[in-house]
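Common to both upcoming complexes is chain A, partnered first by chain B, then by chain C.
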Partner chain A sequence: MRRWMRVLRTPLGLAATVLTVGVLVLAVVAPMLWSDEADAVDTSNILAGPSGDHWAGTDNLGRDIFFRTLVATRLSVELALAATAIAVVAGLILGGASFLLGRRSGRIVSAGINIAVAFPGILLALFFAVIFGVGATGAVLAIGFAGAPTMGRLTQTLVASVEARDYVAAARVAGVGRVRILVRHVLPNIAEPLVVNATIGAGGALLSFAGLSFLGLGVQQPKYDWGRLLFDGVGSIYVNPAAALAPGIAVLLAGLAFNLFGESVATSLGLSSAAGVPLRADDEDEGNGSLTTEGQPATSSDDTGSDLVLDVRDLRVTFPGPSGPIRAVRGVTFSVRRGEAVGVVGESGSGKSLTALAVSQLVDDTGRVEASRLELLGTDLRTGGPKAHRHLLGTSLAMVFQDPMTSFNPTRKMGGQLAEVARHHQGMDRKQALARAVDRLRAVRIPDAEKRAKQYPHEFSGGMRQRAMIGMGVMGNPALIVADEPTTALDVTVQQQVLELLRSIREADDVALILISHDVTVVGEVCDRVLVMYAGKIVEDLPAEGLATIAKHPYTRALVAAVPDMDTDLVRPLAVVPGRPVDPSEVPPGCAFAARCPLADDHCREVEPPLATVADGSRVACWHAGEPLALDEGTGELVEAEAR
Partner chain B sequence: MTLASSLAPATPRVGFTSHPWVRFGVRRLGRLLVSLWVLVTASFLMIHLIPGDPVRAALGPTAPAALVKSKRAEMGLDDPILVQYWHYFQHLFTGDLGTSLVSRLPVSDIVSQRLPATLQLALLAFLVAVAVAVPVGVLVGVLTRRGHGRRTELTFTTGSVVLGTIPDFLIGVGLVYVFGVNLQYLPVAGNETADAYILPVLSLAIGPAAIMSRIVRVEMVSVLQADFIRTARAKRLPSLNIYLGHALPNALTASLTLGGLFLSAMVAGTVLVENVFAWPGLGSAIVSSILNKDYQVVQAIVLIYGSGVLLVNTSVDVALALLDPRSTIRED
Partner chain C sequence: MSTRTANPVTSSELRFEDVTVRYGGARRSFTAVDGVSLTVPQGAVVGLVGESGCGKSTLARAAVGLAPLHSGQILLGGEPVPHRGRRRPLQMVFQDPYSSLDPRMSIGESIAEAIPPGMSRAERRAEVERLLELVHLDPGRSRVLPSALSGGQRQRVALARALAGQPQVVIADEITSALDVSIQGAVLNLVRELQRELGLSMLFISHNLAVVRYVASHVAVMYQGRIVEQGPVAEVLVDPQHDYTRELLAAVPGARSTPPTPRSTP
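The block that comes next holds the complex of A and B.
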């Protein structure tokens, strides 16, 4: 019941609830209070416009339209509810039948439902109205039966969703009959969505009824519902428009009330209504933001050597969060030389992917990107807005994403998706661009490239798609490839092919690579240098071949220790990095890793260690860099070594 | 086909029939034919399910018994029902829809005279609805993508829900009141002049436009979060190209499925709207025929409307398959 009350929290839900209750109350009291006024004939005052005596004027017998509209509430609502009841009962029988009749006969029933559902309700209603005859009874039956297929389909879907549950299976195993299962176990569990959809259906029935009466096929004089009043009123709309407007507005309000009430209840219960149209998208992200690259203006600084492909200083990425900003990247400084392969490792949430996206100017525009320097091939990316560097980024920077299955547009042919790059950035026409695309597909070793270019992404295997993605990157002449977990979603055998391809492309053209991975082994294999990230910062920067030997940061060493190799004793537990990663919305003061670090002391928890250059050109941010650690054989955790 | 040839290895034939497009075509055609058969049967049964004698009802209680009898014989109503059923199909295939009991005119004449007006109305309304819904849906979708424009979203959603719930004939009455009675700008009846089309088309198009634009928006918002949109951004394509070239086709597939339902609903919606605007189409004909108990005409128009709906649904399925080839594959 409390869940139902949630309806009242949205303005629309509240309004719909109030209106629905109002309509129902009016349906009960109006005929008791105003029947006499509604039926009072005043021949001296025929077809009069609105006045103080008659708020909505009078009809062709001088009867008061306003009171007639109020009194008509009862009949209109009664008929709509009766029709809805018929629809629900018939729908339950239809939907239940496919459950009760078993597989084969059930399929025939559901095929029948599917055919009937294809026809619009008004058409079905007209069909049944012919059979049942013109008049209120005929119309109730017509609208009821017209609504049955939709309710039947709904029931069927709901039954099917419950049918697979354990308690139904258990009852079946226990030998309970199908009818009993349906009544005792299935129906109670689908009652809620059924009631909600019946409410929406009642709104629809009300409006359909008005439609039939408006056509003259529903309620006949001397009885009157809103549709009948509307029918009479439209006839004299030039004489007294209010005679049509009053019942029209009444129908509209009541129909909307039921309909929106049902929809709002459905939304607040988390159900989807039969209409299947969500009232709102479910993106819950709060707040707003814009892509800004603030900081000092570009300075052509002294150490911008010509072989620097990428130069990043103090890069920060912040997202607005429910409780203050989420600082996902907190000041990252690094550079990449021509032809160099730099690996970025860290747990999920360490900010490694966001660093890559920020460098490539692809951070979702709710995020805020700041840096004191962000240069690609000597061009300051912070200035000039998103359009300024499109051609540079489009041709010199290639991106390879994690999931090749979802990273291509499913509705476009592969060749065209590659060719687009050349058409937009290299000024080629369609034909040239396509030829280039085929050539590039060949370059990434896709067999039968010409035929493949005409295929859709779903016709490619995962590994082939990832190679095509790399091919897309080399449509231009990239100086830098940013690959975000390029092999994670792939088979182990295919992983090697993709890595090998990246390596050969790099060697052929002296292309730099930023390889983001959680896999220390892959990074050690492919890269020259490794950046270890933790909680949005670089904690260590060292040559890849030194990962196992000269790593000084306890986090790096824990990551390395966590990788099993051929010598790993499989009897002992595998090494782990204890504790949980830092929540980027609440980064602690001091060293972010302190809580998980065996070497941490009070100093670590208070003062954040700077990323300091150590003798051999590598950098590390740790107060206890290089202090000995030992592997706890029991837990697989690194602990402080006893001999300091 | 001889036994030998049917036993012969049939590799090329297997290859052909297992092609996804062929299987798709066969499946859809089968569904259409079954639905048409159900429709024809229902319209045939209609006249037999009416309580009492349909001929007596049409000719009125004062008609002489001999006339009723001869009419019944003429229509074959005294034959065994299966024979009648068979004749009904035969006549349908020759385009013979019978003769109106009331006006004595061939039903096919009445239908062919009135069908164009209804088709015009439905098609124009659909075009208007799509022409409004797609740009509006795309625009609002872009404005309300992930984390943007909460207020715009709420306003748009509420407005479109309300507009989409109002039945077309009530919109029609409202339009008549505003533009016909009050402002007297536009004609409110018939289809003789071009401006007479405006109000009927609008009353039919507004509701579906509201609902369709909502669907397009929801689809746009979800497609804009897809990985391949990030890929398109990584290709540094212009925003317009990303929205229209990459997002829209993917958003349209789902929109089109649901939109197709509105197209068939619009075909049926003409019944009410035609009666608001005295539009000389099938919709006003079916209502007057029901009231006059001119069942032969009703039967024919039900058949026409029904097959119109089925054809629309099938075309939507085919268009969907062409636009998104995955859907044909996936169903196998």
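The block that comes next holds the complex of A and C.
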């Protein structure tokens, strides 16, 4: 219901709503209030022009046209709604029939609808009007059935989209009958667009009625609707133009009201379905990041070794949200050395992808990136805006995304797309660049690279496309490759090849790697060091080989124990992290993990633990780091081990 | 390869006999499943592994009647699997819990819908509560919409709905692959628990060998529409006979001891 109320927030929506409600109220009250005035015959004042007594003049019996127009609202609206109801019901039956009848008979029905849709509506209406006879009933049926094919087509399309969803398949598997599925699953999920279109259809029906009555095929004397008044008024248009104008304006206003109302509802519902999806901090689109340089200027180098590829201090990424800012990344500090592979793990929404995007300056325009230091190869990325560092980022940093299909232009050949990088950033000519592209494709182990370079992205398999993406990244001589879930969309065997490729590139050219993944085992296999992120912060930073042995944060330990590997104990349950991940718009005070943590106490819930360096150089943010945990054999939850 | 034996058929054994599924017209047809024979014995969990596009999901959809059979038959307890009527002894849990639950229906209604007819309103309500409790969800939350639940909780609702149909066999199609790792464990624990406590038979489809190893007792490896190897998990994963199985095993993350040989073709 709240989504429907959003209609009222736009000026157009508000106006349309007021107008529609006005027309409906008028339809109800006008006959009660003004029937007598409208029917009062005044033979002394026939076909008069507008005057103080009769605002729109009088007709051939001396009746007041203004009041007649008001009173006619009811019949006009009633007829239009009745016709719309017929159109909707007939359309639902037609559109639902192809769902109920199964594939073959359904095809015949939809063929019939397609043919019917091809006829102009007014032609159908005239045809039906002749069949059903002249009069109000005939006209209602005519306009109703004329609108049915369009509604049928709409219903059919909507039904087909819902039919493909898994919950319909699930209901079928559960043995729910087709009629029941239609009523319980399909109709509720297509109701909104149907109602909207019916409202717009009502506006159309109103106009069609005016048309039919005007042609004399609609309402007959002594009843009258707007079309009838128009028909009568046109005869005397040179004597009293107002007699035709008054019902004409009424038709215009009412038609406009219904149409605009329907359109505004459609817009607001459409908008809400896009805005209703909560902003997931994890999957932001590629875009130019805006970087603000708030916070203190970069402090003088204290431990900046010359082999630092990336140095990040107190990185924050914030998005505006409906209820306050969404703090997706809340102060992340880490550095990557030359040739080092750093893994970043965490659940969706933990801010791991955004951290990477912030480093590559790809955070969406709406996002605010702040850091007290953000240096790539010693260059401060916070100053000068995104354009200043385009060359540095283009040559020194390579980004590999999860879905290689959307990372390439489907209409251009692979070789050309790779070559573009070299032409743009390294100033190579066409031929050199293409040669380099082929060389790089070979480097990422794409067989028959010369031939492949002339092919289009869709001719590559998923794994090959991902390798080509990496090839594109190494067109220059990057010092850092940022790979965001590079293997999640790939099969295990292909995943292994891609990981192997990343490893060999790293070893050959001493390239640093940031590998973002939700899979602890993948990260543990490829990386030297692992950063574990939770609710926009690093909670633990430790050597990858120590994941299973020396991890101290309860979250890291639970993550590792939650994933089965080929050596997992088959008798014990897998570890479970109870509860839900933190919503980035409502980060609690204290330790963000406290609500799900078996070791948490009041201190944890009040004071946020700092990321402190522990003995062996790893860092951990936990007040109870390393305290013993035990696995509850019943529930799989990690519990505080009994102190011995 | 075929497990067609002379054994007497037990009451709820799911058996695929030489099943072929083809898509497309006669001219340009695509064989998604090619002569697959596979048995899910009563009370056992059989893992079905293979890469995407190898036909494992199509096989599952054919079993529940969502994909048409070209040839062969799928038997449950010796009878063809019924695809009509209210009683469906073969149930399926889908991969994506975000699309397999009707967003407009409360989770209680979704579960109740799958309960076979012949129960009073009160009995149905009690049954829904029992099922929710079985999958470790608060029975008091039966009126909430799926949007109020996390992915793992939704998948548990989907499991409860499958169980509501009082199935003899459940097909689970990649039920953990759309979930975060931290939640995966909970769903896998539940699958094992249900199998142990209810003696549920299950065809567990996954591309993750470590997951299959954890929940299944038997495993079948599918490659390009065919089953290339099947047997007890302990045998197939320890002593694989087919090249593709070996390749799959080598690709499991963490299996660093056997470096994969770089292949020239994808």
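FYI, the second predicted complex is superposed on the first by the 340 of 644 C-alpha atoms of A that agree within 3 Å, B and C clash if a C-alpha of one lies under 4 Å from a C-alpha of the other, contacts with A are read in each partner's own complex, and residues count from 1 in each chain.
As a working rule, contacts are C-beta pairs under 8 Å (C-beta built on N, C-alpha and C of every residue); 3 or more make two chains touch, one makes a residue touch a chain.
In this text the structure is predicted, and so the values were computed from the model without any measurement.
In the superposed model, A:447 lies in contact with chain C only, and not with chain B. In the superposition on chain A, contact of A:122 is made with chain B only, not with chain C.
In the superposed model, A:497 lies in contact with chain C only, and not with chain B. Of the two partner chains placed around the shared chain by superposition, chain C is the only one that A:185 touches, whereas chain B remains out of contact. If you count the residues of chain A touched by chain B and by chain C, you find the higher number for B. Of the two partner chains, chain C is the only one touched by A:174; chain B is not. In the superposition on chain A, the residues of chain A contacted by chain B and by chain C do not overlap at all.
Across the interface of their complex, chain B is touched by residues 12, 111-112, 115, 118-123, 126-127, 129-131, 133-134, 203, 207-208, 210-211, 214-217, 230, 234, 237-238, 241, 244-245, 248, 251-252, 255-256, 259-260, 263, 276-281, 283, 285-289, 360, 362, 364, 366, 387, 390-391, 393-394, 399, 401, 403, 406-412, 420-421, 424-425, 456, 458, 469, 472 of chain A.
Touching chain A in their complex are the following residues of chain C: 51-52, 64-66, 85-88, 90-92, 94-96, 99-105, 110, 113-114, 116, 150, 158, 161-162, 164-165, 180-186, 188-189, 192, 207-211, 213-214, 237, 247-256, 260, 262-266. Interface residues of chain B, counted against chain A in their complex, comprise 34-35, 38, 42, 46, 49-51, 144, 146-148, 153-154, 157-158, 161-162, 165-167, 169-170, 173-174, 176-177, 180-182, 211, 214-215, 217-218, 221-222, 225-228, 230-238, 241, 246, 249-250, 253, 258, 264-265, 267-269, 271-272, 275-276, 286-287, 290-291, 295, 298, 302, 305-306, 309-310, 313, 323-326, 329. Considering their complex, residues 165-167, 169-177, 184-185, 188-189, 347-348, 445, 447, 461, 463-464, 491-497, 499-500, 518-522, 524-525, 558-559, 561-566, 568, 570, 573-577, 580-581, 636 of chain A touch chain C.
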